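Take a look at the structure below.
A, B, C and D label the chains in the order they appear, each numbered from 1.
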Amino acid sequence: MAILEVSGVNKSFGGLKALTDVNLSIEQSSVHAIIGPNGAGKSTLLNCLIGKLEPDSGVVNFDGTSLLGGITPYNINQLGVCRVFQTPEVFGDMTLLENVMIPSFAKRDGNFRFNGWGAVAKRGEVNDEALAMLEEVGLVEQRNVITNALSRGDKRRLELAMCLIQHPKLLLLDEPTAGMSRADTNNTIELLKKIGERGITKIIIEHDMHVVFSLADRISVLAQGTVIVEGEPESIKGDPRVIEAYLGGELG
Amino acid sequence: MSLFDDNVSRRGILKTGLVGAAVATAPFHFVRGAGAADYLNMPKGKSVIFGFNVPQTGAYADEGADELRAYKLAVQHINGEGDGGMLNTFTSKALKGNGVNGKKVEFVTGDTQTKSDAARASAKRMIEKDGAIMITGGSSSGVAIAVQGLCQEAGVIFMAGLTHSNDTTGKDKKANGFRHFFNTEMSGAALAPVLEKAFGTDRTAYHLTADYTWGWSQEGSIKKYTEKLGWNTASAVRTPLGAGDFSQYITPVLNSGADVLVLNHYGKDMVNSLTQAVQFGLRDKQVNGKDFAIVVPLYSRLMAQGAGKNVQGIFGSTNWHWSLQDEGSKAFVKSFGQAYGFPPSQAAHTCYVQAILYADACQRAGSFAPCDVGKALEGFKFDGMGNGATEYRAADHQCFKDVLVVKGKENPTTKFDVLEVVEVTPRAQVEYPPELLGGQLGSCNNGA
Amino acid sequence: MSQNLGKIRSPLDMEPLAIEVHDVESASRSRSARNDLILICVFSAVVLASPWLLAPFGAAYPDLLQRFCIFGIFAIGFNIMFGLTGYLSFGHAAFLGIGSYAAVWSFKLLTMNVIPAVMFGVLCAGLFSALIGYVCLRRAGIYFSILTLAFAQMSYNLAYSVLTPITNGETGLQLTLNDSRVLDAASGIDPTSSLPVTNLFGMKMSGYPGFYLCAIVLIISFYISIRIFRSPFGMMLRGIKTNQNRMSYTGINTRPYLLAAFVVSGMYAGLAGSLMAVTDPLAGAERMQWTASGEVVLMTILGGAGTLLGPVLGAGVIKYFENIFSSFNAQTLHSAFSFLPDGLAEFMVTITHPFVGEGWHLTLGVLFMLIVIFLPGGLMEGAQRIGNMFSGSGGKSEAESPAEQTKPAE
Amino acid sequence: MDAILLQILNGLDKGAAYALIALGLTLIFGTLGVVNFAHGALFMLGAFCAVTVGKLVNYQVVTLDPTRTTPWGTPVEIRTPIVQEWFGDFGAFMVEYSVPLSILFAIPIMLLIGVIMERGLIQFFYKRPHADQILVTFGLAIVIQEIIKAQFGANPIPQAAPDLVAGSADIGVLLGFDPGTVVYPYWRIIYLLFSALLIGCVFAFLQFTTYGMVVRAGMADRETVGLLGINIQQRFTVVFGLAAVVAGLAGVMYTPILPPDYHMGMDFLVLSFVVVVVGGMGSLPGAVAAGLLLGVLQSFASMNEVKNILPGIDQIIIYLVAVVILLVRPRGLMGRKGVMES
């Protein structure tokens, strides 16, 4: 069963066509990688999935609900979609623990709850869950560090933790290993595999083919705003159109 | 002075080990002290403290500075320093130049900022912290009314400074408040005959009015008296206080059919609106076959100086002017001029007189208790203070005296010589029944 | 808490977490709760004892002490909006003014008792801030600031002119002898021939009793602000300040949070305004002007935005300057420096004179520049730096409590 | 009709002052990323350049005449205007034309003040939060204001326009109105033309010089320009100086319209900020358009006909328009996306 259906999505900025008739169908619990040269429209596509951009036309259905037509980013998140950004979007001036607690509260309390009286410290279950989550991504030692002090790789792991704590149905990963050392990358792959066992559907944008081929169940290749090939990793590997797209554009 | 002496002595007490006693009683001084003394801030030592609450910042800062100079002079004269100024010409001889009731006068100052809130705060500071027995000063009616209310509540005497609105001793009069300065009602009554003589009875007036208490008061009074003459009022437009550029209010005057522009503005607003009206050619204009005229009902020399050449030939009224030739005025101009090098403004004059009148009343009452002082001031008749025979009317605590109608001088000889006195309107002509302006005095408050 | 720690499992059903982590964590949690308790106790003690503590500084008179408290409340409230969410409102003085007007009207129409006046003031300010906040929060950044400024200036200009029947214009809304005061009249309190004074069930609320009322309200306000800072709500607000985008991608609808914070801080302003009317029953339009809003911004930043104590400290410093420095004159300076040799005293008077009395604004301006240039975190940062200096250069204490070191100064 | 024409002129006049201040504000903001609350003070300093020149050319030597005394008994002071004494007709000319001449004086002075401000203070605040910038420049504005007050007093000091243009022009006749219905002061017309010229110069500078190119590029994308290896610091200093000169000259020319006092900068600052925001932060044409628009609207709102329907509208119109524009057009009339929103 497809959890996410994208069909006929178009998006242009001024005269520039960023997405042309994009169709995607993501199966429940699968890992779907989107690859393609720079400027192919990968991030634009993700932006259309989280409510950051509104496509000019097309349909985006998630779990039976349309993600278009003025639905807000926070509503999309509450439906169970969470994104890890290419440049980490974290709460830089807050501690790691707080960074993870906020999404946890969002999951528990909904998109708004005026709780100006009970102390955070009294919500022990949130705290414990957040600690467990940090432990999970290997950042528990730094729980009281201000996030801005982290390396970029650590920030991305933190952002992953912030998404995971919400138990999302769909996780969007925008280059989750960019800027990481080989060891960190392998750790991340392991981590993502573990998550896979929990049945979270994932869309991964990645340039690192090692990561793509270790994780992905299916791959879509995006070039010049349109999906040129889609298929199993093995079939993509040798596809001449893919090679042409990369060589014709810029080598990833 | 008192502020620091106070601190020094307090430190001394701390050193001598009376910490507990001093500290425990200090904050309740006013609460309990009020019960112990007959009245609030009863002077206990060899001195008595006056509170001078004048604008030191904001639009009227220069007037405030002049007021403060006058107060300092008054304090010197009361304490017997300097040449004595108007004490020599004052008809009451109660003050002997040795302070008041045997106590030397000291003073504290505060900044009203020409804001009701700030003025009340600084008055409160002087009453609560510095122990001022009386508050005086100010250069705006709004502030005067606000501080007068405070003094009534706190239980000290308020001697108003420059405040021209009818409300100060009308709608908002208070038993503890006294005003020497004249008001818009008197301005209207004094100006009307002069305007009739100069411009005739067939005129159409256009009012530009500062949008606050005093502006409305003045607009009302001038309208009342000019309409009695037979003038029409084309329009009365309210302008925001401190508008700066009045051009958008002046251009409609051009083709309104009016032939007189009445500027109910004071201070910076008056300087700006008058200057701009002249720039728009209003003074050279002919309407209905008559020369267009501008009237500024309340004049002040400081402002006339600010407007420069533009005031020439323009009529208005003023409480006092330094060129007056009576003995009192001459004595005051002399001691002020020698102390500071230039003549006093009307604001300085009224403040000086108020300080002297208060001291004199205390001396005559033999007490500083507000109710006793108030009684001594009520109905008090005096002369020799620059305005001729004057009376503090008991019914509304307003001084009644002659009013000066002045005109911007055509050929000023010095930069201070900008106004000439056209007429001294006798007191009888500007007097009105106390009920006219409404309000209730209430009963006096000793603060005990 | 600690007995169920063992049962807590990772959300991903991984191995149970090491128990020591939790012990450290809950210990630090209870420690921070204890710290808050100490903070509020010390704060209360200092506030209540300020008539004695401030006596050596010449600031121990009721009017100024009341002002410290009132502007402290105002700044605490402002800090809930600005310090936590980072939204800089330039119109908070409007709510203060509305609180004042509402309170004075309550004195005029209902009763001289302060309780209804304060409640009415807070309520009105809350309603207005909900209305204005709803509109202004549609925009962020400087656009939000300008919108709030615009609303406040409109309120001020209207209060000064056409709304005079309600506000009494430039003079300010005052009590008069003919006010109806229906509740007082009904309960048989005779209208006296002089103006009535505000009271709390018969206790006069001017002078020191008024200060103690303000002080108690300040302490309560401070306590509420601590609760808000420590609550999930406060955490969300800080999240908005740090990264509003992430908040929405995290499933948080930021606008109701912002509006709630705006209303809370507007109500604080209304509380401060109504207390101003309690201690001095006059409401002037100037307290709504943009400069008044600017003042609370300065207070908050001077003390340290986003810190608990900073705004109160900033409010105190500014009000002290305004009241004390402006009352200095050449005479007071002479006596202050009289302990110095003549020539030197003369010199000191000459160089300090431009900074006091009518020049006190100059002192204020210079002070701000120095603070902003050298202590961007405000006085609290300064205090922290001094604190660090004395406790040795980091070392042990830092290792012990990383949370305290890395969180904003509190 | 004549009334409306006059109000448009009034509005343009006022709007030109807003626009000139707003232009500098938005230039500084767009290029340097600094919110300069001291910009009103620069306008005021410009005005006081004119006051200083006026004082200098009217400088008088004071001698005492012991034979005559003033009413207060001190010897009469005899004042000799030395500039006229020394330079004769040229001296008289300088006195007469002190305001236009002040422009020559104000340009280097304002440039210097701008450069000192930027080098001495502003440059340390490029990377600081806007709140810090606002606070430090606000503090600076207070300091400048207080220094001027201490030096020149609190009262307005009138500056006369040259006698030649002191009167008013009957421009209505040119447009076919009855004589005397549309008269407008010469100086205000001059001010309007001068402002247009000054705005034109700023745009030309940005359009046709290499400095201008860098500035425009910087306003579009600050980081990229930094990468070009251009000495961006020096450019920033020049931009700041330029903005200071523009504000200063606006101040100089405004003195015959509004006698300057120490507080005039603050009065204009708030409105100019509204203008900048309504125009769109960082948009130069937006600042000019919004300035003129708000000026004209303010004039219309002051007309009796309007005030009778909506009392008090003249006091709030600018803010009301600002609110409406910001709600309808989130980034002002011509603002770019993403400026000052986070």
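Note that a contact is a pair of C-beta atoms (placed from the backbone, for glycine too) under 8 Å apart; a residue touches a chain by one contact, two chains touch by 3 or more.
No experiment lies behind these values; they were computed from the predicted model shown.
J.: Listed by label, which chains are in contact with subunit A and with subunit D?
T.: C
J.: Among all chains, which one's averaged Cα position is nearest the averaged Cα position of every protein chain shown?
T.: C
J.: How many angstrom lie between the centres of subunit C and subunit D, each centre taken as the mean Cα position?
T.: So the centre of subunit C lies 35 Å away from the centre of subunit D.
J.: Centroid of subunit A to centroid of subunit C, CA atoms only: how many Å?
T.: 42
J.: Can you compute the centre-to-centre distance for subunit A and subunit B, using the mean CA position of each chain? Integer Å is fine.
T.: 73
J.: If a residue has to touch 2 or more other chains to count, which residues of subunit C qualify?
T.: Answer for subunit C, listing residues that touch two or more other chains: 157, 160-161, 361.
J.: By residue number and range, which residues of subunit D touch two or more other chains?
T.: Residue numbers touching two or more other chains: 315.
J.: Could you list the positions in subunit B whose residues touch two or more of the other chains?
T.: 57, 61, 65, 238, 240
J.: Name the touching chain pairs, would you?
T.: A-C, B-C, B-D, C-D
J.: Mind listing the subunit C positions that touch subunit D in their complex?
T.: Spelled out, the residues of subunit C in touch with subunit D are 88, 135, 138-143, 146-147, 149-151, 153-154, 157-158, 160-163, 244, 290, 294, 297-298, 301, 305, 354, 359, 361-362, 364-369, 372-373, 376.
J.: Hey, which residues of subunit B end up touching subunit C in the complex?
T.: Residues 1, 3-8, 10-11, 14, 23, 26-28, 30-31, 56-57, 61, 65, 108-111, 115-118, 120-122, 124-125, 128-130, 140-142, 145-146, 149-150, 152-154, 167, 172, 175, 211-213, 238, 240-241, 440, 442-445.
J.: Touching subunit A in the complex: which residues of subunit C?
T.: Answer in residue numbers: 1, 5, 8-14, 17-18, 21-22, 25-26, 29-30, 32-33, 227-228, 230-236, 238-239, 241-243, 245-254, 256-257, 260, 264, 402-403, 406-408.
J.: Which bits of subunit D are touching subunit B when the two form their complex?
T.: Against subunit B, the touching part of subunit D is residues 2-3, 6-7, 9-11, 13-14, 70-74, 149, 153-158, 160-161, 166-168, 180-181, 183-185, 187-188, 256-259, 261, 263-264, 267, 298-299, 302-304, 307, 314-315.
J.: Any idea which subunit B residues touch subunit D in the complex?
T.: 57-62, 65, 235, 237-238, 240, 242, 244-245, 247-249, 251-252, 254-255, 268, 271-272, 275-276, 279-281, 284-285, 302, 305-309, 322-323, 330, 333-338, 341, 343
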